[in-house]
Amino acid sequence: MGDIVALDALAAEVKSGMKIAIPADYCGVAMAATAAILANRPRDLHVVCVPVTGMQGDMLIGAGLVGTIETSAVTLGEAGGAPRFIDGVRRGAFRLMDATCPAVHSGLIAAQKGVPFLPIRGIIGSDLLKTRTDWRIIDNPFAPDDPIVVVPAIQPDIALFHAPEADRFGNVRIGRRRELVTMAQAARATLVTVERIVETSLLHDENSAAGVLPALYVDKIAEGAGGGGGGGVGGGFWGERGAKTPHTRRPPPPPPWPIGLWGEYPADPAEIARYAAMARTPEGFAAYVDGFSRRLTEAA
Amino acid sequence: MGDIVALDALAAEVKSGMKIAIPADYCGVAMAATAAILANRPRDLHVVCVPVTGMQGDMLIGAGLVGTIETSAVTLGEAGGAPRFIDGVRRGAFRLMDATCPAVHSGLIAAQKGVPFLPIRGIIGSDLLKTRTDWRIIDNPFAPDDPIVVVPAIQPDIALFHAPEADRFGNVRIGRRRELVTMAQAARATLVTVERIVETSLLHDENSAAGVLPALYVDKIAEGAGGGGGGGVGGGFWGERGAKTPHTRRPPPPPPWPIGLWGEYPADPAEIARYAAMARTPEGFAAYVDGFSRRLTEAA
Amino acid sequence: MTVVADTVRDYSARELLIASIADLLDGVRHVAVGASSPIPAAGAMLLRARNESRGRERVRISILGSQEHNFFTNGGVELFDCAAQGRVDAFFLGGGQIDGEANINLVGTGPYPKTDVRWPGCFGSAFLYFVVPRVILFREEHSPRVFVDRVDYVSAPGTSEGVTRRGGPSALLTGLALFSFDPARKRFTLKSVHRGATAAEVRAQTGFDYDAPAEVPQTPAPDAATLELLRGRVTRELAETYPQFADTLRGERAAA
Amino acid sequence: MTVVADTVRDYSARELLIASIADLLDGVRHVAVGASSPIPAAGAMLLRARNESRGRERVRISILGSQEHNFFTNGGVELFDCAAQGRVDAFFLGGGQIDGEANINLVGTGPYPKTDVRWPGCFGSAFLYFVVPRVILFREEHSPRVFVDRVDYVSAPGTSEGVTRRGGPSALLTGLALFSFDPARKRFTLKSVHRGATAAEVRAQTGFDYDAPAEVPQTPAPDAATLELLRGRVTRELAETYPQFADTLRGERAAA
């Protein structure tokens, strides 16, 4: 529970055929772990996006690791559509489980509560129901003539995200990103990369405890305080930060760069745009990934 | 939204026939508001205990205000059984909706999510199902031969609790007592008494924001920083505290005394035991309430 | 020429959209806006400022994905729970395609799943369209490829029968015109065309049939007080979250 | 007489219960305990201390309602969710009545709802009994009024057929004896009687039928190392949450 390990050991937990849940960009995305997973090349992953994804999901697709993607959207935001996703859709490169945000949350909450399904309003009349044959319509048992959608529990094998800090007891600060609690409780195992490990228990103070995922739900944590990748590439923020706070405690840095981290630093839109441009072709994508991994390795 | 009012104005929101949700003792119990409600004498309240109650529920029952009680337990803890509840059960003085803790949570979560019901494991074979005819058994739509209980949404008219602090914008600190979030979101209106009002927004700091119920879900807040009731009665803590921090800002103090408040001060077991002894008879209960209200008024 | 007339004539196309949105939001207390929707956000901020100046009801604005303008504390699910509770009065939806029955398509064109053009996905539309009372459809591009007779994929249906639903489309605002929607008749009605556009042009650029009065009025110009608020306080507020967009607004104004 | 023998003889009745609970919990990684259950809490703390001294698996203890020994951060629902996820290995339930099929009654005696005797209520029993793999029934009072042939009210059933269930009763510990439970046969078996009690006395004080070996062994006394841990570290840990109970333990020991 809450073991602090090297990034490689964390990434090695993601194995072929697993169902892996990843958060939206505003929740903390484990990009260094993603690079390490890309290097490991597990196949036929079932990626559950909570409830959407961006560059992380697109990279997993581009590397050919995704057998199924279950998501309410894939987008690079201001940088436009996700090129490897769009290309994969056209080619039918993976099983596509289009969803709608609250249905993803409800599926995870069902797993969190140990129930086989949760009801959800809306959706009826959407074409989602034509292909999401795992969603059903039942009669509301409490009112006549009231059909309602039920979605099955989503139990990921792995939940993977990035957070500002963990304590050495394995507790992780998640702030008000409470979908991370749901993901972790729903998943069989939770992997977290963090900016830093602190010595004092995050549960020690009653106010601080409110925004903490307890170690009970956390399997492995990898630490890296800045220093990753960005120096000279895409400009600015991350590189500067890395330079100002040299990492001394543990070698492998798991930065979420170029995705931002709430309460810590913004995204690097220039780098995401560079990815969007390069990933338009498989070759460009491969070149990007090569450079991405290399920058992380050099930073380590 | 989040209007800061006098205790009487807050208590006046609780009207005859309403469904009112109250938390367990460890979550912050609005005892001064309860005294004010006792004075107002609304009738035929449907009290939903989230998921259990103690002295607060027993006092509402003793005053004859309760038409229905929906609860997983009523107990004074170390002080023993709740005398007015036990007496009322024997006399059939109210409609009794025995429950089990997670079913109460599920009913509130259903209301929070705007769905008519939530499924829940267990319960089948319990005699609860014989009298909770509002709970049903349906077939799990995702597996054969798998009956499962569904409980209907619980939408209180009012959620009422006590918290350490609110800011002047109406945001309330609830720490890790997250059932208070569920109660407030499920309810049509939420009334909160607090120890103190602070000037800085509780949402200002990202870490502090994690334990905050936003003003959007809060209708009325009444403030009172200590000073209530306990001086010379049941000894000690509260009275001392009141003396040390004289209240200057707003007159009516809404202390949760003799129930404790998380992160602030413990319960007063001697006073709860005194209540338990006096409330054995209707006359003793009336005398207790009279003294209780008088102490609160004098403190105001 | 009076000052007021001057002011009223000198507004940019985007200012008209923002002012129209503020009008469409009139009466709401809580409006949620997507993080990358500066025009709807500007309209909501304009309403908030105008209500304050007129002593009317307070308007809360939730900008999703924003850290500063997001008072939610219960994670990504809170918007949907909040809407389901009836606490979100208005929301904006767009669509790669929108048809005459107000069905919206956020998925793609051509046969699913191997769509020819693929857009990001449904997001929360299949839920929010059902529970938010006043959904404003907003799409600047007004062309037959957006406004189609029948969407290729229904991300969220404009209307429902025999299904619990308390929300849905109330209006469609485009770069050319403003439509209202009648769910009972499953039909849009053209309410007004913006300055510079004609009813005939709107008809030609719209792939679905709709009702229209014999004389289609022009979308009302923002009044002087509204423009003043928009160019002052609202632009300053916008700059905090959408700095580029605020610059664009200022630039267009200078050119107007 | 050796020191070890001395130690083994000099234990209080409560120390035996605590040591028996530690044995019953052997192998668990996470045990939840009610706030007003000092003996189960002591048993769990004893297991935790013993495992540490033996280099065995770490034991987590959640004391419900406690602020200090509660690492939950998701509100009162978290215990139930956590148990439903299979992350709570053991829990304790009692009952005003417990019958021979391990049905428990936490509600009252006589016809419901106007019960003659009313207890607090079901709490979470109707759920936790189904999802926690190892539920230990614990009731110090061993009398025919507690251990009845058939409970007046089933708060939670001991067994289920045709219903998804992965938890249930594994043992019954009382002030007189220890029973195991076989859900397939819906029947208790007497495993041992505590020092000073006899099998016949247990039979007389139990209102339900159960199996028993011809020779009923005595409940094993705590070994010296266990008692040392219990009297040292565990009592100190207990004192933080249950100061009165820790004093009582110390007092009984002095009198033993």
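The letters A, B, C and D name the chains in turn, as written, and every chain counts its residues from 1.
Here, contacts are C-beta pairs under 8 Å (C-beta built on N, C-alpha and C of every residue); 3 or more make two chains touch, one makes a residue touch a chain.
Since the model is a prediction, treat every value here as computed from it, not as a measurement.
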Legend entry - Pair joined by the larger number of C-beta contacts - A-C, B-C: A-C
Legend entry - Inter-chain centre distance, chain A versus chain B - centres from mean C-alpha coordinates, in Å: 38
Legend entry - Computed distance of Cα centres, chain C from chain A, in Å: 31
Inset, instruction - Averaging only over C-alpha atoms, locate the centres of chain B and chain C and give their separation in whole Å. - result: 42
Legend entry - Separation of chain C from chain D, taking each centre as the mean of its C-alpha atoms, in whole Å: 61
Inset, instruction - Provide the list of chain D residues touching at least two other chains, using ranges where the numbers run on. - result: 67, 72-74, 80, 84, 131
Legend entry - Touching two or more other chains - residue numbers and ranges from chain A: 113-115, 120-121, 146, 148, 176, 181, 206, 209-211, 262-263
Inset, instruction - Name the shape of the chain contact graph, picking from line, ring, star, complete and other. - result: other
Legend entry - Chain-chain contacts as defined at top: A-B, A-C, A-D, B-C, B-D
Inset, instruction - Flag every residue of chain A that touches chain D in the complex, lowest number first. - result: 1, 111-115, 171, 181, 185-186, 203, 206, 209-217
Legend entry - Touching residues (chain side chain D, partner chain B) in the complex: 36, 65, 67, 72-77, 80, 84, 106-108, 112-116, 118-131, 153-157, 160, 162-165
Legend entry - Complex contacts: residues of chain A adjacent to chain B: 106, 113-121, 136, 138, 140-143, 146, 148, 150, 152, 173-176, 206-211, 262-263
Legend entry - Touching residues (chain side chain C, partner chain B) in the complex: 30, 58, 60, 67, 71-74, 80-87, 131
Inset, instruction - Within their complex, state which residues of chain A touch chain C. - result: 24, 26-27, 50-52, 71-75, 77-78, 81-82, 85-86, 89-92, 96, 98-103, 105, 109, 120-128, 131, 145-148, 176-182, 262-263
